[in-house]
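The following pair of complexes shares a single chain, subunit A, combined with subunit B in the former and subunit C in the latter.
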Partner chain A sequence: MSKYFSPFVIPFCIGVVLLFAFCIWKYIRWYKGFDRLQRAIIRKNIFSWKFLPAIWEIVMESLLHRRIFKRNLLLGYMHASIAFGWFLLIVVGFFEAEFGIQGSKPFWVAIFYRFFQHEHNTFPSAAVFTQVMDGLLLFVLSGITIAFVKMIYSRIVGMKKATKHVIFDHFARVSLWCIFPFRLLSESVTAAMYHNGGFLTQTIGDILPFANEYVEYTYWLLYSLSLGVFFTAMPFSRYMHIFTEVFLIYFRRLGVKENEQKSGYTMYELSACSRCGICIDACPLNKQLDIKGVQSVYFLRDIRYKMLKDEIADNCLMCSRCASDCPVQLDLMAIRRQMRDKKELDTKNNYRYLDTVRAFNAMDRVVYFAGCMSHLTPGIPDAMEKIFETVGQKYWYMDKEASICCGRPLMQQGFHTQASELRRKNTQLIVQSHARLLITSCPICYQSFTKEYKLPIKVMHHTEYIDMLIKSGKLKVNKDASLKVTYHDPCELGRGCGIYDEPRDVLNSVAVLMKTPEEREHSLCCGFNLGNTVIELEQQEKIRNAALENLQTGNPDLICTACPMCKKAFTRATEAKVMDVAELVVKKIGE
Partner chain B sequence: MRNLKFGFAISIPRSINMDTADNRLLKQLEEEVPSFKRCMNCGACSATCSARQFTDYNIRRIHSLFRMQQYQDLENELKPCMLCGKCTLVCPRGVNLRSMIMNMRKILTDPKRKDNE
Partner chain C sequence: MRTIAIIGAGPAGIEAASVLAAMEETEVLLFEKSATTLDNLRDKAFLFPDFSSAADLVEIMEAKLDRDNIKLHLSTAITSVVSTSSATEAGGIMAWELQDASGVRYQADAVLVTTGYKVFDAHRKEELGYGIYPGVITSIDLEKKLKEGKILNAVGDTPKKIVFLQCVGSRDEKSGNHYCSKVCCVTAVKQAIEVRKMLPEVEAYVFYMDLRMWGGGFEEMYREAQEKYGVRFVRGRISEAASTFDGKIQIKSEDTLVGLPLKMSADLLVLMVGMEPSEGTKTLTHQCNCADAYGFATTVNPHLRDNETAQPGLYVAGSCKRPMSINDSLTDARSAALRIAEYLK
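== the complex of A and B ==
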């Protein structure tokens, strides 16, 4: 034992012990915070086939960072080189020590192998291992170099704005960055003295002017110190994401979801955020209004360090643009809702006045739910009624007279009890109508019906329904090849529910659909999303103008959308024609 | 609804004594929702309101009452709102009515305020 001990390993050992102690303590505490339903899901699925895709995703994301690669090659390389490179350095180093030193040995020998084993060629392919280890070290160092350049000039990796970190994160980052240069130097000095280095360390070692025992010891001590400091800081800094992401992916793959209230799972999500800052560039509040400090990265950090202010939680459009870019795929919108929880303000029995609304027997009819906003754009329900009549479909216009909100606007603001009251009423009306299909014109209601309601019947957005009618030949439309249109993906329909193709197919069958620079997952919010209650009209207009500009590229004859709110927002601002998909289809109905 | 039943209603006098008036809540609301002041009392919000279809909930009235610092029972009067946001979208003056309603509720239900009274 004493042969493989030297006092410089103490900081490293302390760091490792603290790291694992804190991590295990935190993970157990958070796991205890899971609610009964979440635990039941884990118990049910833990020995199922879902285990395999989870492992695959963990390798692809936690080690290789595939999603960041897709975004920017250099940024992906930076993350992969540090994460995957370091991982391989540990694994290969472990085997090298295992083969190189026979018999029992303390765990730190693998980390400080060169210091304890001056001989090379201790086993047949030792030389190969030496070169591979040097190659891996170079791989990691290249990533650290990019990270350093990124700190000074983040545009090199395609990021306009980088995260402003708290001082503690800077401290952890510096200790991380120190690890690998010190490893290089210490191994080089040892190589200079004992000629046991690879292509990199031996070359550098031969150049180094001072190579004696004292210099060697100092460098190894510094290497051990930076490791120890980083490991100690890790559970409290953003680098907690390294381990947490693994658990998060695993739980998510098992089927665990966010709740209305903060739970242990939320704690995993908070710590899985690496504060990479990719969400900052995505946020329309940053892009158009230059509002800082409200983006998801800061929001999650503030929750984690318990310094969240209400106006930061409230100042978000809930357009989920950041969530679609997030490389960890955190459920940012759900966490936002949890933090907006209104507690005592969220009262019961506010909507007793709805008790008088009675259901209609709509057997063998479809239910049409226009949604509150559609009442402000009467063209959309009118068009839908016309379409129903054309295809001979009997329908019940559920909210024609008595318009009940679907409850999602309340939920977005954290009134969970009140929202559930509205949901209960609507569910009751729909179930009692005995209809088989619910069609809605409002993406907000659609998302609510599909995700928050537990309806026994199928729910469709009107674009899906029209698409189905056209494809099945029930609705015949004429294609106008001279009409150029652009399509605006509403946040709630596109990113919210993943409906991108149906409206596009419909538009392609009646007109010529043009591409816009930002579309599908990258579509811009119209600014009037009900998620935000902080920004004022003038600010909303700025966001809308940016979205409008995007839609007007290529001078289309018509701007199409599938959301009454977006339509209302755009109609006010432009001379150009704005229409809902349904309204356009009605004009093009053929024989 | 009361008005409809009898054709008339009796209101309590609503004069404000400017010397004793306490406008702290109003100031607080104006700070949270700067657009509050823009209102010209046109009533478009009440006209489009979904809750108004079922009850005598009246945003314009609530706005006026709050401005005149008549907070009696305003807290409960705000409850029928479904926050659907139609009022905000139709407002010709760009008053952020959803935010106004939420903040009014927040201010009026603040336990600190009740302690002071």
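== the complex of A and C ==
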């Protein structure tokens, strides 16, 4: 045992012990914070086959960083080289030590193998291992180099803005960056003295001017120190994501989701954020208004370090543009809602009127729910009524007179109790109507009905419904080949519910749909989303104008959208014609 | 011989032209983009505060143009106004060159811009249902009906209830117009009285934020509307309009004096549309670097030099500066004419 001990390994050993102690303590504590629903899901699925896709995703994302590769090759390479390269260094190093030193040995030997094993032909393929280890070290070092360049000039990896880190993160990063150069130097010095290096360490070792025991020991000590410091800092810094992402992917694959309140699962999500800063460039508040410090990366950091201010939680459009870019696929919108919780505001008496609204028997009809926003754009419900009449579909216009909000705008602002009151009443009305299909014109309501309600009937957005009518031949439309249109994906319908193709198919059957530079998952928010209560009208208009500019690419005759809110936002701005998909379809109804 | 170019043959343009043409050795070029003069005025039936006929005023104004030294160019849209010399070269007077849409150039010693306003396009407030429900009309549409002497509701019957809504496109952050259009308050009072005179059975409601009775006789008209004509004034904005099965308009509002939400159905909803700078005003103010945030013309000083722009020889008058009543436009045109006369002396 004493043969494999040298005092320089102490910092490393302390680091490892602290790392595991802190991690285990935190993970257990967070797991205990799971709510009943989340625990029930885990209990139900823990012995299912769901762990297989989870392992696949862990390899693809935590090690290879596939989603970052898709975004930018160099950025992906940077993350993969550090994560996957280091992982392989540990694994291959472990086997090298297993083969190279027979019998029992302390765990640090694999890490400091060359210091303890000066022979280089202790087992048949030892030379291959030496070269592989050098190759892996070079792989990691290349990643560190890119990271260093990125710190100075982030555009090299396709990022306009990089995250501004807190001092502690800088400290952790320096310790991480020191590990590999020190490993290179210490192995090189050892190689110079004992000729046990590979193509990299031996070459460098041979040109080093000083190679004696003191220099060697100093470098190995520095290597061990940087490891120890990094491991100790890791559970408290952004590097906690390294392990946490693995757990998060696993829980997520089992089916665990964010709920209305912050839970232990939220803690896993917070720590799984690597603060890569990809969300900053995606955020329209950054792009159009140059508002800093509110983006998801800062928002999650502030929650984790318990320094979140209300104005930061509230300053978000909830357009989920960042969530679609997030390489860890964190449920950013749900966490934002949790932090806006305003349950302490008592509004019980405001909802008494709900009980005066009576149900309607719509057994042989479909239910049409225009939504509050559509009441401000009467052209949309008007068009829908004409479409129902054209296809001979009887309908019940549920919110024509006594309209009850779907509850989502309240929920977005953290009024969860109040929103649930509205949901309760709407659910009751819908169930008692005995209808089998609910059609809504508002993507906000649509998302609410499909995700927050548990309705026993099918829910469709009107673009889906019209698409179905056209494809089944019930609704005949004429295609106007001279009409060029562009389509704006509403946040709530596109990124929110994944409805991209139906409105496009409808538009293609009545006009010529043109492409815009930013569409589908990358579509720009119209700026008038109900999510944000902080920014001013002029700021909303700036965001809107950017979206509008994108939609006016190629000078379309008409801009189409599928959301009353987006429609209002655009009509306020421009003399250009803006229409809902339904309104255009009504104009193109054929024989 | 001095040549003065006036762009826009509305009340302000014609008034200024007639004042300037009365001077010796003066020629006035009066440009109008449409085929007739006084387009906006021709839509009106009666004028506040004295209920005089708009047609009479049109006749009087047209007569003012009957001079040899006023050259009226109809259907001529001026698209560019540039000074061709610096003030020092020509002894303090700058030479101006105007160009119309077909490329014809005109020379002038001074230019007066009286390109005026256009009414707010009520389609932009879709929640009020203009262009969707036939029962929703603008104050301009109603004025035309008053002129014809026939007011019918959406299904062709005599209306029983008419609702006026103030501040459509004015004092409205969301439509981008923060300013007050100034004339709509009194116009609604005037129109409500006229409607009641024409159809004594009709109920008239005016929804307002606050009523700005700034002119002589306005307050008296407002009092008379309530006491003599029974027009009802409700303080509150209308949030949305919808149609009912019988072709009426259902409105949702709040009576902010009572503090309660309010629903009402009416035969006609009249939107009191505000003023915006006309396209011609916007083009020229931007070209001459005197546009404010909305595109109205700005002047050197609002107290003493309210017709002058930063460029010597370029003057502005009337509702191209800000929303203005006809009376104010006429006064403003005379003051501009006086300034131009002094400048060219």
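Following the convention adopted for this analysis, the second predicted complex is superposed on the first by the 588 of 591 C-alpha atoms of A that agree within 3 Å, B and C clash if a C-alpha of one lies under 4 Å from a C-alpha of the other, contacts with A are read in each partner's own complex, and residues count from 1 in each chain.
Here is the rule we use: a contact is a pair of C-beta atoms (placed from the backbone, for glycine too) under 8 Å apart; a residue touches a chain by one contact, two chains touch by 3 or more.
None of the values given here were measured: they were computed from a predicted structure.
When the two complexes are overlaid on subunit A, subunit B and subunit C occupy overlapping space and clash.
By the touch criterion defined above, A:L354 reaches subunit B but does not reach subunit C.
In the superposed pair of complexes, A:P378 makes contact with subunit C only, with no contact to subunit B.
Once chain A of one complex is fitted onto chain A of the other, the partner contacts of A:M565 are limited to subunit B, with no touch recorded for subunit C.
In the superposition on chain A, the chain among subunit B and subunit C reaching more residues of subunit A is B.
In the superposition on chain A, contact of A:I404 is made with subunit B only, not with subunit C.
By the touch criterion stated above, A:F47 is placed in contact with neither subunit B nor subunit C. Of the two partner chains placed by superposition, subunit B and subunit C are both touched by A:L537. Residues common to the contacts of subunit A with subunit B and with subunit C across the two structures: 375-376, 537, 568. Of all residues in subunit A, only 344-345, 347, 350-351, 353-354, 356-357, 372-373, 375-376, 401-405, 407, 409-410, 413, 415, 422, 528, 530, 533-534, 536-538, 565, 568 touch subunit B in the complex they form.
By the touch criterion given at the top, residues 123-124, 126-127, 129, 132-133, 173-176, 239-243 of subunit C touch subunit A in their complex. Listed in rising order, the residues of subunit A touching subunit C in the complex are 375-379, 382, 400, 537, 567-568, 571-572. Interface residues of subunit B facing subunit A in the complex, by the touch rule stated above, are 34-35, 48, 50-51, 53-55, 79-80, 82-86, 89-90, 94, 96, 98-99, 102, 105-106, 109.
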